[in-house]
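Working notes, beginning with the structure itself.
So that you can tell them apart, the chains are marked A, B and C in the order they are listed, and the count of residues begins at 1 in each.
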Amino acid sequence: MQPVLKLDSVTHYFGGLKAVSNFNLDLPEGVLWGLIGPNGAGKTTIFNLITGVYIPTQGKIYFLSEDITRYKPHTVVSRGIARTFQNLRIFPTLTALDNIRIAGHFRMKYGILGATIRSKDFYTSEKELTEKAMHLLELFKLHDRAYSPAKSLPYGELRRLEIARALATDPKLLLLDEPAAGMNPKEVENLMEMILWIRDHFKLTVYLIEHHMKVVMGICERIKVMDFGETIAEGNSSDIQNDPKVIEAYLGRQKNHAKG
Amino acid sequence: MSGIFNFQQVINSIQLGSIYALIAIGYTLVYGIVKLVNFAHGDFYMLGAYVAYFTAMFEISRKDQPNVIIILLISMSTGALVAFLSNRIAYRPLRYKPRLSALITAIGVSLFLEYTSSAMPFIGPSFRPFPDVIQTKQFHIGGAVLTNYQIINVAIAVTLMVVLTYIIKYTRVGMAMRASSQDKDALKLMGVNLEKIIDFTFIIGGSLAGAAGLLAGITYPRINPYMGIIPGLKAFIAAVLGGIGNVTGAMLGAFIIGFAETFGYAINSVIGEGIAYAILIIVLIFLPQGLLGKKTGEKV
Amino acid sequence: MKITKLFTNNRKLVLFSVIFYVVVDVLHLTGVLNDYWIQITNVALINIILAVSLNLINGFAGQFSIGHMGFAAVGAYTAGTLTTIIWKLGVANSITKYLLFAVALILAGVAAAIVGYLIGLPTLRLRGDYLAIVTLAFGEIIRVIINATGYVGGPRGLLGIPKLSNFTIIFFVTLLSVIIMRNIVFSTIGRALKSIREDEVASELVGVDITRYKVLAFTIGSFFAGIAGALLCHLLQIAHPTQFGFIGSINVLVMVYIGGAGSISGSIVAAVGLTFLSEFLRLGIDNLNKIAPFPVGPEWRMVVYAVLLVAVMLYRTAGIMGGREFGILVPEEEGKNATGSQA
């Protein structure tokens, strides 16, 4: 079967720093796979390369067989890839509703003239958008926050808002960058359920970066491990847990942490 | 000697360039540390010129021969003091607010300095002739005329730049300045107080701008309260051209602008007036990091 | 015609505006308001267009342009040159002169918009403070060009522009401009602009073509600045390079930030308030000059502006309105959403 996402020997340099080295991936439709690795391994960089924030120094990226290597972020999104960010990036002064509505932007059926004269398309398009956004807010139990500025929401709700916003772009592939960061064990539990539910309910493919081992080991069907830009291991959770290279990467790094 | 490209133009370019350089250094130092385009920087230069004017007039009124070194020190202290106060009163409280607020505040400080000066009865809005602080002597080299003013002017500018380079490269505070424009966290680990370094940066920048004010006064002997706006803008352009945050770049950029303008004016006044802006736009489009600057990207 | 919808969809706003218009007219006819104050009112209305259009760029899209009057200059000189030439031909009568003015206004907007687009396209990739410098430099370039162009009067200014602006025309052009910009702000376009202001990276990654929208904001803002410039030069019957210089641009900037970045209502309040304040200060300074033992210069007016600007930034960074809007300016379909969002 055609992979949804394919990365073909992708390499990326920041100046002299090789942040990603010869990365390969064939992500089949409907899976939930994970990407782990110590701090600075290059995981977020992979997401940035997929979504067009950076253009890889070498290699190609395909989404549903289309070469998206050099696409700009907004074009990548319009093709059906959505993501969240490691350090929450919501629009703080916009309402929760507007945070979601903005993600429907590229599907709007009116332009500047339509907005100016308030055309029929304007009203139908806006109504449809608002209803859809409200529905998403409801699914994520945020509907009574619809009219609050996002910055007034507590952290846990912001995390959900960000995921809801990503889903509002109607993606086929969802990239989650450390969604469990900053959550307590109870919240992590709920998050795991939520991710599985999202995948099934929205019929998505999900690719997940996470430091929280419990999450990755618990829900990911297949896991890739990176260290210093290199792929050092790949397999299911038990393969990974017993791989000496992985243990070395994590323990070695922890020692450094203790020193610093 | 005839033609546009003659030795006289080279002398004039160096002179103009050295004034721009002294102003540009302050822009670049402040931007390097606090990421603020200090719009009021050109006004520190204006105040330096006025204080030099009053000091010279005072000395002349006592029938003394004005002492250039004393005037220079007074101009520099004034620039330093005003720069320090602007930072403390207007910029420091906004350090952790959105960057735009500090930028708008800088515009406010600039307007305040210009119009308050202009509203003062003893300064006034109109041009004043700058007095002769020494007797003019001319030297003829080939077809060009070199005055002792120009020599003093360039000598002072070069001396100040050498001293500054020494401070930045070899003193503790200079090293802290360089460190803080690169990595603020490292600075904290070193136990250095960032705000002290910022104060010091403003003081250095302000004193150089004050010195430039004196030099401009003796070279282009007409001063008014708005004299800082255009040279300030051009010096900023020089800093951007050289790579903002980079002191050597600022000096290089300043001399390039000095040459471009002098030779531009020799062609016609529109080119002379406009060339610095044209350079700015070209640089920002094709080389946004400047000649000696480093390319940086935002981490996502 | 579709344009009528703009008025029927905003009944409250239009009703309020018409009442204001009638009251001012009646006060003028009965002599309570003399020509002098009507003139100040006209300037205040033009300042509303300038402030709201700059707010679109700075407050809503989060860019930082400080050369707004440069675009007004493009509009003023375009329209002023056109009407002056045609006026001299003597073909305009009492009706066609308004047609001529309408065409001149639109051309002024289009010319300014084209210049805005050309400048915006390459420079909007730059960070905020660099953009500020470029717009400042651009204003200077415009000034240098005008000064060097003898055909439009050079440093003396363009003289003898026919007086085609009057309170009625200025009022309705202002109303229409504000409604159009308001409609853009409260639409997916406005949301896209605000998202750019809040977080460019996130904005791109929910599908907003940020370069396109930044340029769009710049182009629309310039369009209305051009119209404002044209209204102004046909009111004062002169276009002069100094009117459109740095200080002019700073005046508009002060209005935007004192009123509140990201609030149309704020820009309106500040444009009106500061125009009248400026006039009162001028009168006050004149009177003070009569009694004070030393000369009191007109420069004090700008000193007050400067202190106001710094004080607002230090103590009320979000401006008077803090990103909120008067209910009357919020379209019905926004409902409760508008009360929640604030800058």
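Assorted remarks:
Heads up, the rule we're going with is that contacts are C-beta pairs under 8 Å (C-beta built on N, C-alpha and C of every residue); 3 or more make two chains touch, one makes a residue touch a chain.
Quick caveat, the model's predicted, so the values are computed rather than measured.
When chain centres are defined as mean Cα coordinates, A lies farthest from subunit B.
Distances from each chain's CA mean to the overall CA mean are smallest for chain C.
Inter-chain centre distance (subunit B to subunit C, centres taken as mean C-alpha positions): 33 Å.
One finds 42 Å separating the Cα centroids of subunit A and subunit C. For the pair subunit A and subunit B, the distance between mean C-alpha positions equals 48 Å. Looking at subunit C, residues 201 sit in touch with two or more other chains. Taken residue by residue, subunit A touches two or more other chains at 53, 85, whereas all remaining positions touch fewer.
Of all residues in subunit B, those that touch two or more other chains are 300.
Residues of subunit C that touch subunit A in their complex: 2-3, 5-6, 9, 180, 183-184, 187-192, 194-195, 198-199, 201-210, 216, 220, 262, 323, 331, 333, 336-337, 339-343.
Those residues of subunit C lying in contact with subunit B across their complex are 64, 66, 122-123, 125-126, 128-130, 132-134, 136-138, 140-141, 144-145, 148, 201, 246, 250, 253, 257, 294-297, 299-300, 302-303, 305-307, 309-310, 313-314, 317. Of all residues in subunit B, those touching subunit C in their complex are 35-37, 90, 93-94, 97-105, 107-112, 114-116, 118-119, 121, 124-125, 229-230, 233, 236-237, 240, 269-270, 273-274, 276-278, 280-281, 284-285, 288, 298, 300. The residues of subunit A lying in touch with subunit C in their complex are 51, 53, 72-74, 77-78, 82-83, 85, 89-95, 97-98, 101-106, 108, 110, 112, 115-118, 122-123, 125-126, 129, 146-149, 165-166, 168-169.
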